[in-house]
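Below, each structure is written out as structure tokens.
In the two complexes below, chain A is the common chain; its partner is chain B in one and chain C in the other.
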Partner chain A sequence: MSSEIQNKKQILVIGGGIAGTEASVRLSGLGYQITLVEQSDKLGGKLNQWDRLFPEQKPAKELQQILVKGLNTNIKPLLNTTVCDIQKNNGKFKATLSDGQTIVSDAVLLSTGYDLFDARKKEEYGYGIYDNVITSADLEKIFREGRELKTAAGKTPKRIGIIHCVGSRDEKAGNTYCSQVCCITAVKQAIEIKEILPQTEVFCFYMDLRMFGRHFEDIYKKAQVNHNIQFIRGRLSEAFENSDGTVLLKAEDTLLNKPLKMNVDMVVLMVGMMPSKTAAHVSSMLKTNNGTDGFIAQPQGHYRLSCTNTPGVFSAGACTGPKTIEATLNDARSAALEVAEYLKSTNALLN
Partner chain B sequence: MKIEGKKNLWKEYQKEIADDKYFYARSCIRQNFFPASEKTFLQILKNELSKDIYDDAKHTTCTGIAYHTDIVPIETTMTVIARQFSLMTEAGYTNYVPSCITSFGLYTEILEMWEHMPEMETKARELLWKATKREFKKPENLAHASDIIYKFRNDIFARGKYSLVNKETGKPLHVVEHIGCHYAKMFPHRGVGGAEYPYVLAGMIEAFGGEVIDYPERRHCCGFGFRQYVVKANRGFSIASSKKKFESMSPYKPDFILTNCPGCPYFLDRWQYAISEMEGITYGENGYGIPVLTYEELAGLILGYDPWDLGLQTHQVSVEPLLNKIGIPYNTQTKYLGLRGEDLGKPQNPSVLKVY
Partner chain C sequence: MAIDFGYNIHRDRQIDYDSLSRDLLEKVQKAEPSIKACISCGTCAATCSAAQFTDFSLRKLILLTRRGYTKDMNNMVHKCMLCGKCQIICPMGVNTRNLVLTLQHFTDTI
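This part shows the complex of A and B:
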């Protein structure tokens, strides 16, 4: 296919996080024209909310900079913009954006990412009610802003409980899937706490430790051997606030077969990934199906993971389910190739 | 503790509570445990709030205790409940108000089950017809009696003589609330305020001028927990549960405990005596216990009813310290007189727990 033809092909990428930005860069490299719609004021998605990334604790900012470095004149990023309406007619997609623009494209790539689980839904853990219960995202924000880790009363916490699987693998929360990144995030954050507060005791309450990624097991071992972080196999049943603001945790230590009660100065909830509301809005207009987990379905299975049930509409990143950043980047590149192949085939049909 | 967080949660757990025309179903055990509570509820609704409430002598147990101790099968429970509904239908009412928390939980469970398994409802109708030739309509509104007092809490307070304020200090009384497990733990959206931070009693306490005290073991069972108490061998678990709660709440120095279940006030009241005899420990001020009230008793006190007409002399823990704080007068001479003025006799004093 000549670059002339490719230049005429327009692709609308919805969501300017890791997957959307990376896929846009890759597709632009193949000669396509990209409109990249992002609802926030910055590309990079959740990267902008994170401080350091597992496994090597590299700054999230570095990766965000690498991603946006690839932007070029074939990519038109539209920040603070959302898709109000999108319809498919005669093989073309016509989208009306929140700024009033109309974009006509030959293909659409959904890269709407995920929403963080709202920890207030686990009411028994007291997030939003107890003073010293925060989420992994809150802790990351404290690290990112360089603030000291203090209790609500301004004291250095002597004991911190980290709770895994908050909103994941939890039928009561309506999410039976594993969010994949929480276990390693918990270990990363536990180490980061110990690095700044070596005297503070850190306890991780887990169901299973899913250390599937490269180096994950090594980090888990490092957490125990080098930092004396305690891992307790037991899901938190409930938390209560004591009169002094400390939090009473109740769990069952399933290795000891004993109920356990522990007072901690601070609790960090490892919130999981949820299907994003943006994805639900856009996919309903594009008539793409969702899986039973609420994420965008991948009807063509292993081989063509980026295809949705609507021809010309593709998916990339965590909009199809929880993923690490590495998996998201790979998925984005794969999706870019899938979109390119589709556009080639539609061009062949036109000829 | 962020009260705003609780308020945001409470907004998600509001339920529809009928305004009038109630069919009342009494509890099997409350009239023995707290003899004037149900009478007071009827009195408040009829005389104070001018509501139409029907107290049907023909109704029976809901089978709650038998159901939760695996003595009766679900078909029996369904049929008995279907009969209760047929009595309501026959009397011309559509708003069902059980006095008992376990009944409320069981009615909720059966209605929910019929919603998801209509064949079970058909079966219940068939069994009821076969046994009694009765038919029924399902309630349009199901609310626990404490929901009704909650709904009219501001009207009650407006008519009241007293508030939950210490007359000496002018400060709100500190109140611990304890919700029966079957109120919302099974179906959080059927209870005012949900399961984790219920508001039904907290709302009454606030409306009556008191201050709700949250404490670490607030959600823990009162100690009734049917299998803990009904199975004699398990009674150690029962008293241990109550003890756990007392030890958790006592540092907050609550002026009293407010409850909405048949078993909770009974066990929280009587076990204080048992613990004092067994271990020499008391949890209230100056060797007394922490008074325990039902929501009807509390509403009655606010309205200025005589404490002995409310049956407060049948409590194990003396309520006089609480009455003194609020400034409610009481006659020590009439405390143990029966309805016809006969002397019922003063109970023997415990050896440790101080009583009036």
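This part shows the complex of A and C:
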């Protein structure tokens, strides 16, 4: 009897990135019917924008393939689709999708992810204005497409500056939090630059190096010892474009207690994570609260991280704040169990 | 005779990275590669006997070398008494005594 009801239970998963895809696969394994709504034309989310992943530099493509391998007949993925309207009524959620169809579900999982910080907002760094200032995402794209790393004028860069904390830990940018992944991404990308251009000097400008994850500290040491990447503690104050297209960087060398200037051929900005704009629309319709950081709130704290303030609405992945891929996958599995527990408890009420 | 107006002109104390040379750093990195592992934590300077009475700091010595302040480095490097406490305490395993001797070796001949 109960398994029959379980089989009929419908879950709407909004966002087909890492968290949404993984949670769908896990929930389908528990016998539920999933509708997985994804706004782009491919599952995997931001994974499709990266080349190789820290800490082991495994191809992002590989993980994307592993994720979608779990898809089965209990999951209905709807690509190029968004949620136009969603209302809760008598414990059921009625959603109208952009393709016109209506989906009724017993629970909703928000896995709407994050947006990358728009580096143009840090105008003093010159992104979108200077020719040789790119973001970490731009660099991944170059790697992914197998293009050569060149300056705008087509020269091989002899010196590259990597800027940490762009749009993170920055009250003026409106983001007080640490985006977690940028420090290790900076070190990963610095090593990848050195691997293809060993003669190029690479400098990382950082406030703190937050090497919290497993292997991260080892990668940092490898960057210094094996690749001679230089780390300068000081936040970039301004970047200026010289007439030859090179960029003058100004920071304080806070360990030497002196201001520092340096010309580089290319600048890579480590852009942080922002609350997703598309999530704001959906979560307001579902009346879920946000934290002061703009990410979806987790009112029940440590033990029930996947619960939002609206019963039946759950969260997974970076929609509740910056996360690594490993943390996102764990969060997605944890959310799947939370949703299943909730649906079982509503079953008990029915019985 | 110069008139004393009661003020001076200060030299720019900004680190002009491009005008400094890293030749010494390259030589030292080859002779004592463990210098690359330094993370500027300052444990060495905290335990240093010489640092209690002078401005000597191995952390700073390494930074001066990394930026290219060879003269400033050389002015400082002789304050080390080679007691080796820093080597015992360094979390990154920098061979500090040999590093100091290497820095002295390369700069004393300049």
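By definition in this document, the second predicted complex is superposed on the first by the 349 of 351 C-alpha atoms of A that agree within 3 Å, B and C clash if a C-alpha of one lies under 4 Å from a C-alpha of the other, contacts with A are read in each partner's own complex, and residues count from 1 in each chain.
The definition used in the following text is that a residue touches a chain if its C-beta (ideal position, glycine included) is under 8 Å from a C-beta of that chain, and two chains touch if they have at least 3 such contacts.
Note that the structure is predicted; figures quoted are calculated from it, not measured.
With both complexes brought onto chain A, simultaneous placement of chain B and chain C is permitted, the two fitting side by side without a clash. Contact with neither chain B nor chain C is seen for A:Pro311 once the two complexes are overlaid on the shared chain. Using the contact criterion defined above for the overlaid structures, shared-chain residue A:Pro299 touches neither chain B nor chain C, since it reaches no partner.
When the shared chain is aligned, no partner comes close enough to touch A:Gly29: not chain B, not chain C. In the superposed model, more residues of chain A are touched by C than by the other of chain B and chain C.
With both structures placed on the common chain, the touch criterion links A:Gln230 to chain C but leaves chain B unconnected. With both structures placed on the common chain, the touch criterion links A:Asp131 to chain B but leaves chain C unconnected. Shared-chain residue A:Asp253: touches chain C; no touch with chain B. Between chain B and chain C, the minimal CA-CA distance in the chain A superposition rounds to 5 Å. Those residues of chain C whose C-beta lies close enough to touch chain A in the complex are 13-18, 29, 33, 36-40, 59-60, 63-64, 66-67, 92. Residues 220-221, 224-225, 228, 230-231, 233, 253, 255-256, 258-263 of chain A touch chain C in their complex. Partner chain A is touched in their complex by these residues of chain B: 1-2, 5-6, 8-9, 194-197, 214-219, 251-252. Residues 120, 123-124, 128-131, 238, 240-243, 248 of chain A are the ones touching chain B in the complex.
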